[in-house]
Amino acid sequence: MQRIGVFICWCGSNIAATVDVKKVAETIKAEPGVVFSDNYQYMCSENGQQLIKNAIKEHNLTGIVVGACSPRMHEATFRKAAEAAGLNPYMVEIANIREHCSWIHKDMDEATEKAIVLVRTAIAKVKLNAPLTAGESPVEKRALVIGGGIAGIQAALDIADAGFQVDIVEKNATIGGRMAQLDKTFPTLDCSACILTPKMVDCAQHENIDILSYSEVEEVKGFVGNFNVKIRRKARFVDETKCTGCKICMEKCPSKKGLNEFNMNLDTRPAIHIPFAQAIPNVAVIDSTQCIKFKTGKCGICQKFCEAGAIDYEQKDTFIERKYGAIVVATGFKPIALDNFNEFGYADNKDVITSLELERLMNAAGPTNGVLLRPSDGEHPKVVTFIQCVGSRDTSGCGKPYCSKICCMYTAKHAMMIREKYPDTEVHVFYIDIRTPGKNYDEFYRRAVEQYDVDYIKGMVGKVYNENGKLMVQGSNLIDNEQVTIASDLVVLATAIEPEPSVRKIATLLTASIDTNNFLTESHAKLRPVESPTAGVYLAGVCQGPKDIPETVSQASACAAKVIGLLAKSKLKTNPCVATPDEAMCNGCSQCANVCAYGAITYVEKEFRLGGGKTEVRRVASVNPAVCQGCGACTVTCPSGAMDLRGFSSKQIMSEVEAICKK
Amino acid sequence: MQEVTEKKEFTPNIVAFCCNWCSYAGADLAGSSRLTYPANVKIIRVPCSCRVNPTFVLKAFQQGADGVILCGCHPGDCHYVTGNYYTRRRMALLFSFLNYMGIEKERTRVEWVSAAEGAKFSEVMNDFVKTVTALGENKRLTDLRVKEGK
Amino acid sequence: MTREERLENISTLSGTDVKKCMKCGKCSGRCPAFKEMDIKPHQFVSLLAQGKLEKLLECEAIWSCLSCMACVERCPRGVAPAAVVEAVRDTVVRMQGKNGIKAEDIPPIVDELIPQQLLVSAYRKYNK
Amino acid sequence: MRDIELKMIERAKALLESGEVARVVGWKKGEFYFDPMPAVFETVEELNDFVYNSFCGANLSKYLIKVSKNPGKTAIFLKPCDSFSLNQLFKEHRVIRENIYVIAIECQGKLSVEKMKKLGVSAITEVNENGEEIVVSSLYGETKFSRDEVLLGKCETCKSKVHQVKDEEIILREMQAGKKDRFEDVEKLEAMSEEERFTFWREQLSKCIRCNACRNVCPACSCMKCVFDNPASGIAAKANDDKFEEQLFHIIRAFHVAGRCTDCGECSRVCPQGIPLHLLNRKFIKDIDGLYGEYQAGETAEGKTPLTSYNEEDGEPSDVFKGEEK
């Protein structure tokens, strides 16, 4: 005989304000099989859990239902409580009466009635639950970091320092990412390269870190603790083990007109090149779309001059396969394309630039050696106008609906740096709102205004047009209720940022969920901000949402802590809610194996007794519980119903359906 | 005016099967964002939309549901890699078949709702309830014994 | 019509949700008739949002708006300030009891020099 | 017809005598001329009862699931349409190819005793086929029909006269494909309103007596234990006091065989109530063809079925109804 206990949580007023929790608990007492029903203010609290534990022991409960928040929130908590009281943790079911009831309904009677149905449904299910025991799977003590920007670098260093092997896969020829392109960093104005490049070197020298530059993830199989990843090592046409980084090839290469991506295409580079002076690995790469040897078959000058004999025009993409226990995604961002914003004249005027382009123009290692010169004529600009929120907070479909978060701060930084270096320059900033939450952030922005006399104009720019060589920036000054036009020499667009587009493919490979803006979704916005809902996958940096360097580094270290915690375990508990075939009913038809994404189903020839001393050998399905992820695709494909899913059995769901339909 | 009040008296019984990773989380987000939808929508959690057997859908109708909706991750984003691709085929065929047998096509629906789409979840449910309310009670795919017994 | 109904009516006529405005002023930053307007495009949106009906009805700017729709085109939030201007204009015209221009009145007063834009905006302004 | 029968008996004898096969699956005389029955022949003597006449419509392939488990090879006579079913059974590992010896036989379309009865001829003693002319002898004399008049329903829309699997063949005359488009009747139903379709199926399915003949004859319905016989499935109820049970049974059955049904038409042939059950399966076949590309179950003995495969570009479930309303 089943002895079910029901526990209704108030969640303070979160549930109790709209659901009559006492009435729910009372009504449920009459349900067949229910021997105990109670309500409490915070069921997830220590006291609440104690209430559950006591009831389990006192009333000898065989199963419990907790009417509370989403099972995605506290199912694990209540399972643990049940286990502590000696009840199998899988004899617990949650009725979601908060997210799916009290929070979305306003009428108390209606919400209470629904809560009762939801609790009844959970009771109907729990009555058919079976005690389950989690299995174990080994953990591969190696981590994969996808993306070699500051997020990836920080995560890799932290994991490696804890003594675990880490591979960084970076699609570009060098690690460093966006941060390597920056000049100074806010709010301290220290030099970006000065703080980043030592970390890049640390990575290269760390005995536990393997940098796989110019590589991409091709295929991911397996699951937490046991990922099997295929990595494409793109042909760079230079032997990484031989190249000494002497740069003689760059000097001799006759094809020097390639756009320099590192400098935001503001200058050119040779076909064979090292992206920048401090690149890691300090190894050249040939741009085969530009190289004369690849285009005409003639040339080969770099090969002739390379003393190390590192040039190899025949090099092909190669693939390596490695096993990992955990994966950190740190794919970063790019500024959006400005095709939808003709009003700012970016395409037509060389002197309308993005902020990232300005970073390169201000950088000592950039195309102008750090001297601020206009791209059009190489003159010093006398009037510089910044426009914020270009493409951010845009719900018209032209840009991005979110705030890019970093623009207010870097624009203040740019304005300040220009005023500092060239005090005779006039600097205007058009802004909608100034958003500077963060330690010393608002103080930083105020310095730009108070100390550096930057002219902040509240209002958006409507148009930028060229008149007699001047860039006329026409916009609102909302404080004065005026329309202003500022004749400028240089216009800088604080362009919105978006996730690096390659993240989509990676999300698909990892089956990590992704939102409508292509940001990877975290497991919980507040409590599990660095974990992807896919176990064993962690998120660092802008791939998860717009953020600045300090936040990125914090998140990367948080990821590392999670990864270290995972890799430190010798075994992982596996989900016991896996598919299991009833061999007596299995036809051996292979339909289930056809739909299994994990290859968890194989077939065995088994002898069955037929009665009367006769036996029969039949082909039947066999599920590897360590590989099965418990999706249930096989259960529906199985025509005989031999395949069922533990924890979500057909009988359980049927019973839920029956209970939930009853009015 | 009268028509409106008459229709309001009928509140359809809606069963929503939601996959644990996207749509159930999307429903949670709708909840934490306080995006309302009618209380007659009730959710059953399944690990993946591909766990939903046609018998569950039929059972729901038999037991008096007036509309059944399946929600899963967007195709390509399935937590279980390919589960919802099978759902898509199965339910396309099943729903077309049910319609072939005369069941109103508006009573069945498949929607892809990600964990980030709380607003979409609420919109979808509001819309579905509206559609099914306009259709009226499910009479064609129900077990009279169940309806009378209640 | 009560005051509230009138406001509601303006809102309905405009077909735009003024609450979506984030007060960036891009509409006014772009407006070619800015100087001629006593109330600026962004203020139309703001005044309607605040329910300041009288200020809207008293303004002169409804007659200076060119209906060029630049503000609508550029708004990052999908708000249509020009539609609010139009709605206020229609309301004022209706309140004056005029029925606007009739189609048959047009041909005699049109010559080749009149720009198309003016004709179109005249239709918008007077034929409601 | 008789010439084929003799050749078949001759081959069966030779195969059994040589020990090449342990048994032969074919048809044997029933109580009357018009009711031959599927049978297994293990000795030459048993072959005395062997028949192959115009009424051998039954699809024999399903019998192999059980019979071929016994030691030794099993020979089977298959008409073209039956060979699709056997191939599908190979695909699902229900029958092992190596254990089977397939003799492909000629079929000009089988005849319906029901249709003959309706046309006033009963107590049939013999049928002779002369091309399109069918000469029926009965206790009361001789009647001539055209083939089209008395063809079995499932043969009217014959999908193929090509054997999908065979080890040898006994084909004396050229075979002609069906004349009727097999989706014609499905399209007629599709063109009706929801209400009309519902009325149609309610009328049809309320005739169902749950005798399970359709299930028992269906080569795709070969589960170790049918869900409808399994109390744990939650749908095992058999009570016939509500139309829902019949609806449910036939919906689930059609779904279970979707993508696997070869459209052999046996379900409708054996239904004692005359329910056009094949129209259920054909709807699935038509939808699959339209949505996911032409697919004929049983054409190959390997590969995935439409419901165990997918394409990233597949349409949405709601697309099914697009373009329907005009």
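When the chains are written out, they are named A, B, C and D in that same order, and each has its own residue count from 1.
Assume contacts are C-beta pairs under 8 Å (C-beta built on N, C-alpha and C of every residue); 3 or more make two chains touch, one makes a residue touch a chain.
Every value quoted in this text rests on a predicted model; they were computed, and no experiment measured them.
Trainee: Can you check which chain pair, B-D or A-D, has more C-beta pairs in contact?
Mentor: Between the chain pairs B-D and A-D, B-D carries more contacts.
Trainee: Between chain B and chain D, tell me the centre distance in angstrom, where each centre is the average of that chain's C-alpha atoms.
Mentor: Inter-chain centre distance comes to 37 Å.
Trainee: Between chain A and chain D, what is the gap in Å from one C-alpha centre to the other?
Mentor: The answer is 54 Å.
Trainee: At what distance in angstrom does the C-alpha mean of chain D lie from that of chain C?
Mentor: Taking the average C-alpha coordinate of chain C and of chain D, the gap between them is 73 Å.
Trainee: Roughly how far is chain A from chain C, centre to centre by C-alpha average, rounded to an integer in Å?
Mentor: The mean C-alpha positions of chain A and chain C differ by 45 Å.
Trainee: In chain D, which residues are in touch with two or more of the other chains?
Mentor: 227, 233-234, 307-308
Trainee: Give the residues of chain A that touch two or more other chains, as numbers and ranges in rising order.
Mentor: Those would be 595, 637, 650, 654.
Trainee: Name the residues of chain B that each touch 2 or more other chains.
Mentor: Residues 54-55, 59, 76, 82, 86, 90 of chain B touch two or more partner chains.
Trainee: Taking the top-of-page definition of touch, could you list the pairs of chains it picks out?
Mentor: A-B, A-C, A-D, B-D
Trainee: For chain A, which residues are in contact with chain B within the complex?
Mentor: The touching residues are 70-73, 96, 98-101, 103-107, 110-111, 113-114, 117-118, 121, 507-508, 511, 513-516, 521, 533-534, 577, 595, 597-598, 629-633, 635-637, 645, 648, 650, 653-654, 656-658, 660-663.
Trainee: Which stretch or stretches of chain B touch chain D in the complex?
Mentor: Those in contact with chain D are residues 54-55, 58-59, 62, 75-76, 82, 85-86, 88-105, 109-110, 140-145.
Trainee: Inside the complex, what are the residues of chain D that reach chain A?
Mentor: Residues in contact with chain A: 69, 91-94, 222-227, 230, 232-234, 256-257, 260, 304-305, 307-309.
Trainee: In the complex formed with chain D, which residues of chain A make contact?
Mentor: Residues in contact with chain D: 584-591, 594-595, 603, 616, 619, 637, 639-642, 650-651, 654-655.
Trainee: Under the definition above, what is the set of chain C residues touching chain A in their complex?
Mentor: 20, 22-31, 34-35, 40, 42-43, 70, 74-78
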